[in-house]
């Protein structure tokens, strides 16, 4: 009973079917019909004009998006526990040619306008200090928290006031939208670019970079090729994304994962380190308690010395979630 | 009847099967059993110790391999028509942090020790000029030529003498090995790293970087992650490569493509711009002749004003190859 | 009798005086009065609005200027023998983050619109090929040739048509302007940025980057600091440049060097490989002839097997120039 | 009465004299006799083999040194208030091609082995996290603190244990050595490279990068040229450094500045935020007190809301130091 991560879950049947259906010749790279359809599909989904590029990883999505907003001599404000800071092997330094990450604080890896101002206001407006050019937030956050529409709006307003770009790392964007019960447009708010993740949500190897500013996308196309991310058989990536949008599979999958997390969270009480607002749970428990759970067959990561992380996925079985809930309740 | 390229051909059934078989949970990234098997499989194939990383594109494979051999202030010698120079959107400049490509000449995009020396010997050994640190050759070349074992050996000897790394872009390595009738080890010779291409040969989205020097691979693992090329569901890439190695599918596929090219080449006579030594044909023909061929349903690229490029693939139908041969013969 | 290069000549007395005069406290970096004066002084000199930054080397000047015009995924068109390609140790690759140099041909290291079009017209407008973003020309060229106003204008027109920036490497800009007998504004034409060299012309360690587009300068200020080129005692650099502008020392020095070159060129006849249009002479002569000259005490560089390069400077003594002229005439 | 900074102080007469004495032709770049002398001079000074390069700024010195120790995918551990982090305009990101700075804590901007371990021990040894490759410490620190020999030794031991390079930013190295009363070799300890600053200590535009590992210097020479920091009239920089070493001008100047700081510190008592161990004083005082001091003609920077920074220099007049001491005592 696997709660280690959603990042290696199996692939949704609809995704497989779409990939197989793409197995006939079409134009290489992103010249195929499936890739060409993405702009319209996401524009419809978000209710505003989008330009969309597929890439194979969330790291590539995040870094390509930011590279189009931030010059090499600039900086990105992000949370000190943001994935781009902590878990991307320095990819932002590579893609942004040495631009800096400026680290802000905030509960549950959430940023606020105040937290951002605390970082950027002390920066002297001179050439000795690296100036911010963009903000990056994660929806849902690295601790499974979801930004409400007004929270994103407040950050977007600050970004506009300061002339900063706004990027959203949506590796688990579907889970956030599902939790919020809002449209994708509401969950994304007024960002300039969104890394819309599908891999953790039933896809195999395709994420979408959704640009709400076409000029950024025009740069990103060159950068994607230059980064070796323009696959020649791109139709198999586009097929995955189209399949996830068809019949809102992305939303159904996210809801399923969230529901499993909710069921488990319900028994955690004060053990919960962060409100359960997506599909990740951070649960206080002793080493002995973790040992107990592992002996019952539950797989998960330790989170420091006194906690565990449980992640549900699109394919978490109901009985497994129930079993874990019972097991935690019995600790 | 498609002869445009092999780069968007459909995926071989054995690859599909292997991907489906990988659709159960395993460790993320390259921690899965299929990824872990690659070192041994390629070591067996090449008869010497290898360390192998999968990546999604040939561009990423080439540039990651070179980035481990060449410091940012160095240079790579390659043919002036090498893929890394002409068709990778500046990816070497990105991955190698501004290192230079030094362009050598040679018929059929083949390098020779003399051609390489003509480029590197005039470089003053001082800090004002960029010093070479590696050589990159393409097997089979961009014009479908294959290096014989002694030709690679001569270049490898020069590389050793000058302290240069040696990389082989093997986007169509299978086709070269098939043409040469030699083992992979003979076709690769004494290179330090080989980009072993599978995508043009029946794969979907997985190329192998084969390092014959483990120290380079140790660096490459960090660089791959940093470039956003470490996919979380890496087992689907490893599955593709394993499937290509099983039963030597890679060799059968390459032979098939080569045979189709051979059949067509046989009728081309003096039209052939380059000997047919893999699966690409560059055929002199007038615009009117190309028009004639296109009217008969053949798809291919113009190659300048007076020639056409035909590429066969693992799935080129025998009757299509025969039809093209007849059509060219009738021009 | 030194004709090796102008690049290590001694420093002009007026420059020394100005540096000494700057030896009282003022604001650090470029906050001092002398640095602040540069925009106005160059604006007056060129007859149009300029923003000017000092840097310590021509390489830094060229590369900072270009870095403000060309994104990392772009390219610069330059002559295949341009200093930025041949003699800057790969600095453009560093400063431009891996952008490419596209090499054009032309007699005497001069570019023409046709030569530039021959390079850029074949570039497919797709993401697989690196797109040009700027042109760089050298005034006077690496072979001592000077662009006439209409030649620069023709290149500038092409640049505008294609949306390319235009940079002029003016390491010997003074010599070109002196030869042309034109104003600096005419000698520079409609470029976006000029590296105006003073070091070879009597300065010690200060070149000016003259931006005719203020937006580029605003970026360059950050890039200069980031490159470690913002000296804290910048007033000593600004003093050098101001001293060179005072009483048109730059022009007098350049005229002196040119006159010495002219006197020597006058006896060279068919030996001259390139018309003498600045202060560099490339003179055909056999190894034996070079030996003869060296025995007479003349210092110079061999230029390949069959020629020599003689460079005059602001402080070349009249008698030395005459002596060299006589010696060459007597060969 | 100027206590703003030592970074724009006038140039020491011995430096002027040496520069004037260098005003005769010699080989360009670093081929001159003065540049060639540096290795031996510093080897004698430090009592161990050194290879020394001049550069024009401390930023260039720091970043070139680090670039030779740290690959683009690596990281440098430094204090969160280190100059390279706070005041170099992102130069480390540029020179190190996007390598990361890992920020450690410590009183007075001093690092300790514990503080360093607190940063590096939690880094997982996997490709998702950026691995440390070097440590950089500042002697004297950004708060005017000097590392004792055993403190440097402890950090050097940790560096060796972990396979990390060790760099010392010695923008005020002379002041530290003077304070410690130790030899330069003792003040530097077992570092791999030292940025030995002269500009703040009476020089004009020359810092020395002292490499105690010749292999690093061999790389640095290429990187210096590539960064546009190889000046053609390098002898004027070498002259400055030689002049500072002659008769231990560097030490006399540092002692003078330290003595002035000491005199002022003596009256500061509890106002002192950090022990005075070099030539910088951070003094608690209210806005009203600062106003009082400014009215008396003292120039200095505010340090946050409740303090002021006073920096003495090689040329601080005794009477000015005394006057400031009296003024502070009278607050």
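A, B, C and D are the chain letters, set down in written order, and residue numbers restart from 1 in every chain.
The definition used in the following text is that a residue touches a chain if its C-beta (ideal position, glycine included) is under 8 Å from a C-beta of that chain, and two chains touch if they have at least 3 such contacts.
A quick note: this is a predicted structure, and the numbers were derived from the prediction, not measured.
*Asks:* Farthest from chain B by Cα centre, which chain is it? Let me know.
*Replies:* D
*Asks:* Once the Cα atoms of chain B and chain D are superposed, what angle does the rotation have, between 0 and 180 degrees and to the nearest 5?
*Replies:* 180
*Asks:* When contacts are scored as defined above, which chain pair ends up with more C-beta pairs, A-D or A-C?
*Replies:* Top pair by contacting C-beta pairs is A-D.
*Asks:* Could you please state the distance in Å, as a whole number, between where the Cα atoms of chain A are centred and where those of chain C are centred?
*Replies:* Measuring from centre to centre gives 50 Å for this pair.
*Asks:* Counting in whole Å, what is the centre-to-centre distance of chain A and chain B, each centre being its mean C-alpha position?
*Replies:* For chain A versus chain B, the centre distance works out to 34 Å.
*Asks:* Distance from the CA centroid of chain A to that of chain D, rounded to the nearest Å?
*Replies:* About 42 Å separates the centre of chain A from that of chain D.
*Asks:* Which parts of chain A, given as residue numbers and ranges, touch two or more other chains?
*Replies:* Each of 72-73, 88-90, 93-94, 97, 127-128, 222, 225-226, 230 in chain A touches at least two other chains.
*Asks:* Which chain D residues qualify as touching chain A in the complex?
*Replies:* Chain D residues touching chain A: 72-73, 75, 86-90, 92-94, 96-100, 127-130.
*Asks:* Help me check something: in the complex, which residues belonging to chain D touch chain C?
*Replies:* Touching chain C: residues 2, 5, 7-11, 16, 20, 23-28, 32, 55-57, 59-61, 63-64, 88-91, 93-95, 199-200, 204-205, 222, 225-233, 235-237 of chain D.
*Asks:* Okay, in this complex, where on chain B does chain D touch?
*Replies:* Interface residues on chain B, with respect to chain D: 71-73, 97, 127-128, 131, 219, 221-226, 230.
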